[in-house]
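Paired with chain B in one complex and with chain C in the other, chain A is shared by the two complexes that follow.
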Partner chain A sequence: MVSAIQLAYNGLAFGSVIVLAAMGLSLLYGIGNFANFAHGELLTVGAYLTLLLYGAVGLPFVLAAVLSIGLAVALGVLIDRGLMVHHRQSSSLTLLLITVGVAFILRSLIRIVWSSSPRSYGLPLVVDQQVLDSTVTVAGYDVVLSLGVSGKSLAIIAVGILAATGVHLFLTRTKTGVAMRATSANRSLSKVTGIDTEYVATTTWAVAAGLAALSGVVLAYSSGVIYPRMGFDVLLVVFAAVVLGGIGSPYGAMVGAYVISIAREFSVLIPGVGSRYKLAVAFLVMIVVLLFKPEGIYGGKWS
Partner chain B sequence: MAGITGPAAFLISILTTGAIYATLSLGLNLQWGYTGLFNFSVAAFWGIGAYTTALLLQPDGIAAAVLGPGLTGGPVAIPLAIVLSGLISGIAAAIVAVPVLRLRGDYLAIATLGFAETIRLILLNETWLSGGGSGMLVNSPLAGVDYDGLLRLALSTGVLVVVYSVLRRGIDSPWGRVLTGIREDEDATKALGKDTVSFKLQSFVIGSAIMGIAGTLIALQISFLVPGQFNPEWTFFIWIGMLLGGTGSNYGALVGGFMLVALLNIPRYVPEFGGVLADARLLVMGVLIIVMMTYKPTGLFGDVNLTEGS
Partner chain C sequence: MVSYNSGGETRRSYLGKAGGAALLTTGLAGCTGVIGGGESDLNTIGAAIPQTGNLSDFGGQFERQAGFALDIVNDAEERIEFSYEDTQTSENTGVTAAEKLVSQDGLPMVFAGLSSSVAIAIAESVAIPNETLMATGGTSSAITELEDDNWVFRTSPPSTLQAQALATMIADDGNSDVSIIYLNDDFGTAVKDELVASLDTLGVNVTDSVGYASGKSSYSSQLNQAASGDPDAIAFVTFPQGFIVMAKEAFEMGLKDQVAYYGIENIKGSDVRDNLDAQTISGMSGTQPSPPTERDSFQRFISENEERFDRTPSIWEAYYFDSAMVMGLTTVAADSYESAALRDNVYELSRPPGESYTYWQFDDAVETLANGDPINYQGVSGNVDINQNGDVVGTYRRWNFADGEFQTGDFVDVADDL
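Then we have the complex of A and B:
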């Protein structure tokens, strides 16, 4: 029998990886009005840059991660100033197709540089500490209460919650953040009131790429493997989180990330399904949300 | 292959594959080129058709247990496979599309991405059905027959001609004009009293059914199916073919399918590419998508009246 508490805790840890990517994807959606299919590759880029700086250059892991995030921010700015700036008037589906092109370019460059074979940071293994281990009988059923926690999973959860708080403060307490919310709500009105929407668009790419890179590093740290498809493999979960929260709402994306991730862990309880279809759970939740509440939890609202 | 060998056999095989890509490209062009619907599941619908065919061609497999003996395994199974592949892909397309067609266009993109991943997982995990990662043999009744390559070419070309003519008639009809209207301005089309959601559903389902039929053809052609043949990269190879040939033009999509087969096969004969071939191919594809969408969104033979996207 699997411990439900353990599943919820695992979901919380995975949700903390997803929330980092989902906030950025949602910001891009709200401000640029397009679904960024290159978001998964931005995660992968972050994971591989950290591998380069930590493994090959030999910097301390945290410093390598921070520098990779900085490089990813620069990549985000480059994508916006070099490419997306020519497509401000393009339809959302044209933009979507262009991000697919960006995804292909990034993934192929990663494969050319690092090949397709899986890599790892080679960090020491962390063993779970059992903090709870008992069985209680409730109404004739045995309920397993067991929970294993490690410094690693706690660190991941802390990173997720800190980043979400940081994004919240950025959006509410800084001039740029407020300008981003205004642009998302009404682009042309923001423009006539003097908001530099070009600056806002580029900043959004910078923030989204930085968060995605952080997500990629944390994902690689958590799973222990780095491979060229790693970001694309979680992209569906990230999209599901954004759709569940309500497209364009970063707060919805935060809630959506945790809800989807916990639901994903609990899917192993369904008999005959097992962990092989974890990814399909994200898809099913998304379809159900789209059927009954297409505007999502927050319905595109920002607060 | 009995009868024909060497360069001629290779040419026949390339032309057959080209006809299959052109069929896929026509299906996608109905969805994207004429109606403005984004489909990330091209390879998944193609795969459903291919695996349906492989199951029907087993003389005593699952399909035989469901349909009864006599229908599966022999040459009769080929026309049956074409019909059922189209039907099953079409039904699957309706299941994906119904929840999202009322919403903004990019929801369909996200939903089809989810569908494609789910199909990939099923093909990998359900070994009893699909053979899993180790693949599935197609028990083709054409294998070992004299001139089997020519037979497959004739079948694929025949299907392509039928699909092309049906689509051309459809697009020239009032039905086709409604689709183009949806692509250009859905609200205006709705204001004219057209049930745009229903038209979008028809376009999406018919396009996906065509992809399923192309699945039957590829199953007969490659004779061994692995899930990797139907991963999302293949979806975008078909996209590239259609975008190159021309969006919103059946002729363009047809040419695009044959351009794709050239694009995928020529680098094979450039020795310097060697091991990085697959990676470089992806790079070229990515650059092509961006360049096409930036400078020539209608492709080489596309609809000049097409305003960008929808």
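Then we have the complex of A and C:
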């Protein structure tokens, strides 16, 4: 029997990886009204840039990660100023296909530079410490209470929660953040009232790319493997989190990321459902929630 | 399936050479046809292989080894030639290519398909309905299952047989309870099924077999499930990328000290070695298909290849060479160049009780056959004793991970019960 507490904890850790990517994806949708299919590749770029700066250049890991996030921010700005700026009026489908193109280009570039072979940071191993290890009997059933925790998983959860708090403060306490919320609510009206919507769009790309890169680094740190499809492989879960939370709302993305990640882990508790059906169960949860709340948990609200 | 073999870069780099070899061989084949002219005993064997597409470099390897075998078979007397058609590594094109060889050219024997999917398509829609003898390079266990009335055979061992060697090893090491983590696709499931059946036969209890999908960043639930039955060992039917995540995670969960690890050949390689801390998999063992490296026939095959082609052949090339040699011997052994006569001879000449001959004893083997006595062809890739399923068993070696390296160990004697 597996421990439910452990599953919840694992879900929390995975949710912290997903929340980083989901917030950016949702911001981009809220401001630009398009689904960014290049988001997965922004994760991958972050992971590989850190590999370059940490593994090849030899910088300390945290510094390498911070610098790669900076580089990813620059990449986000470049994508917006070089490409997306010409398509502010284009349809969502056009924008979606452009981002698919960007995704393919980025992934191919990664393959050219680093090949398809898996890589890793080679960071020291961290073994889980058992903080709980007992079994209690409740109404005739044995309930396993065990929990293994490591500095690594705690760090990942801390990064996720800190970043979510950071995004919240940015959106509520800074002028740019407030402008972003205004633009998301009504772009034309925001423009009329003097908000520089171009600046808002570019900033959104910068923030989204930076968060995605951070997510990629954390994902690679957590799984121990870096490969060209790594970002794309989690993109589906990220989209599910965003849709579940209410697409366009960063707060919805925060809730959605944790709900879907924990639901994914808990699926193994259902008798007869093997762990290979985790993703299906997560999506089932999403579909059921959308049946009752079609606009998602947060329904596109920004506060 | 060929495509599961690792080392994409090296395969690709031979592309150029492969193309050159293709031109050269077809050119030569054309010439001999013209020179031979008129009445001749020259028999044509059809070959539908990938000259373009994903497996094109394997096609080049086939042509290289077929050419080598041809020189031996035709040394004393012009006997056979190959007629090539390109499958483009695609089922549809492959079937068309094979149809041209079988239906239009009326050839009674073909070599077709280096990948299992193309091989099965050709076997089902061309070779079996047309009652044509077909050799193939595919390694899927689905080829064993074909209702082929003995029309299809191969000299490359089916990939699932590795599971028998792995099961033997796990049992011999004294494990009594084992769980399996396997990639949830055709290949992984087939290997898992064979492994479960073999372990069962050997009296080892399988506590759980857990499927996984590739591309996930965590496999903690699979690992938990695999560990839940308190097994002595976990067998990993996995590929490097997923395995790297699992091995690291299992170590962090503290599983490493509780169970022994076993794995299939795909795990062995620099991807796993370079991306995992050595202590996460130290002491792990596994199986890998291996040519009988200690035998004269294999060593001579390697050195002659290096001399002729200036490169070391892969294990696949040893299989292709054996295929071509068996087909050459079959044309000699059969009293007519017709499908049924060929089929009646191909199985017998590959296995006991006949006298054993290696490839350089080809002329002696021909003499024995001429005297009406049976022969037993000894291949370079192994004994090449083709059973009634059209399969050969193959040889397997143990690998161990120790001191941060994969080390090749002893040959595994697959248990007789399997």
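Things worth noting here:
By definition in this document, the second predicted complex is superposed on the first by the 298 of 303 C-alpha atoms of A that agree within 3 Å, B and C clash if a C-alpha of one lies under 4 Å from a C-alpha of the other, contacts with A are read in each partner's own complex, and residues count from 1 in each chain.
What we mean here is this: a residue touches a chain if its C-beta (ideal position, glycine included) is under 8 Å from a C-beta of that chain, and two chains touch if they have at least 3 such contacts.
None of the values given here were measured: they were computed from a predicted structure.
In the overlay built on the shared chain, the residue A:T176 is in contact with neither chain B nor chain C.
Within the superposed three-chain model, A:V243 lies in touch with chain B and out of touch with chain C [touch as defined at top].
Of the two partner chains, chain B is the only one that A:R107 touches; chain C does not reach it.
When the shared chain is aligned, chain C comes close enough to touch A:P118, but chain B does not. By the touch criterion defined above, A:V268 reaches chain C but does not reach chain B. Once the two complexes are laid over each other on the shared chain, residue contacts for A:R276 go to chain B and to chain C alike. Residues 276, 279 of chain A lie at the contact with chain B in one complex and at the contact with chain C in the other. Chain C meets chain A in the complex at residues 8-9, 184, 210-213, 215-222, 224-225, 228, 240-241, 244-245, 248-249, 251-254, 270-271, 274-277, 279-280. The touching residues of chain B, when paired with chain A in their complex, are 36, 38, 96, 99-100, 102-107, 109-111, 113-115, 117-118, 121, 125, 232, 236, 239, 276, 278-283, 285-290, 293-294, 297, 308-310.
Taken in their complex, chain A has these residues touching chain B: 34-35, 37, 83, 86-87, 90-94, 96-98, 100-109, 111-112, 232, 235-236, 239-240, 243, 247, 276-277, 279-280, 282-283, 286-287, 290-291, 294. Listing the residues of chain A that touch chain C in their complex gives 1-2, 7, 10, 14, 17, 115-120, 122, 124-128, 130, 148, 150, 152, 219, 222-225, 227, 229-230, 233-234, 265, 268, 274-276, 278-279.
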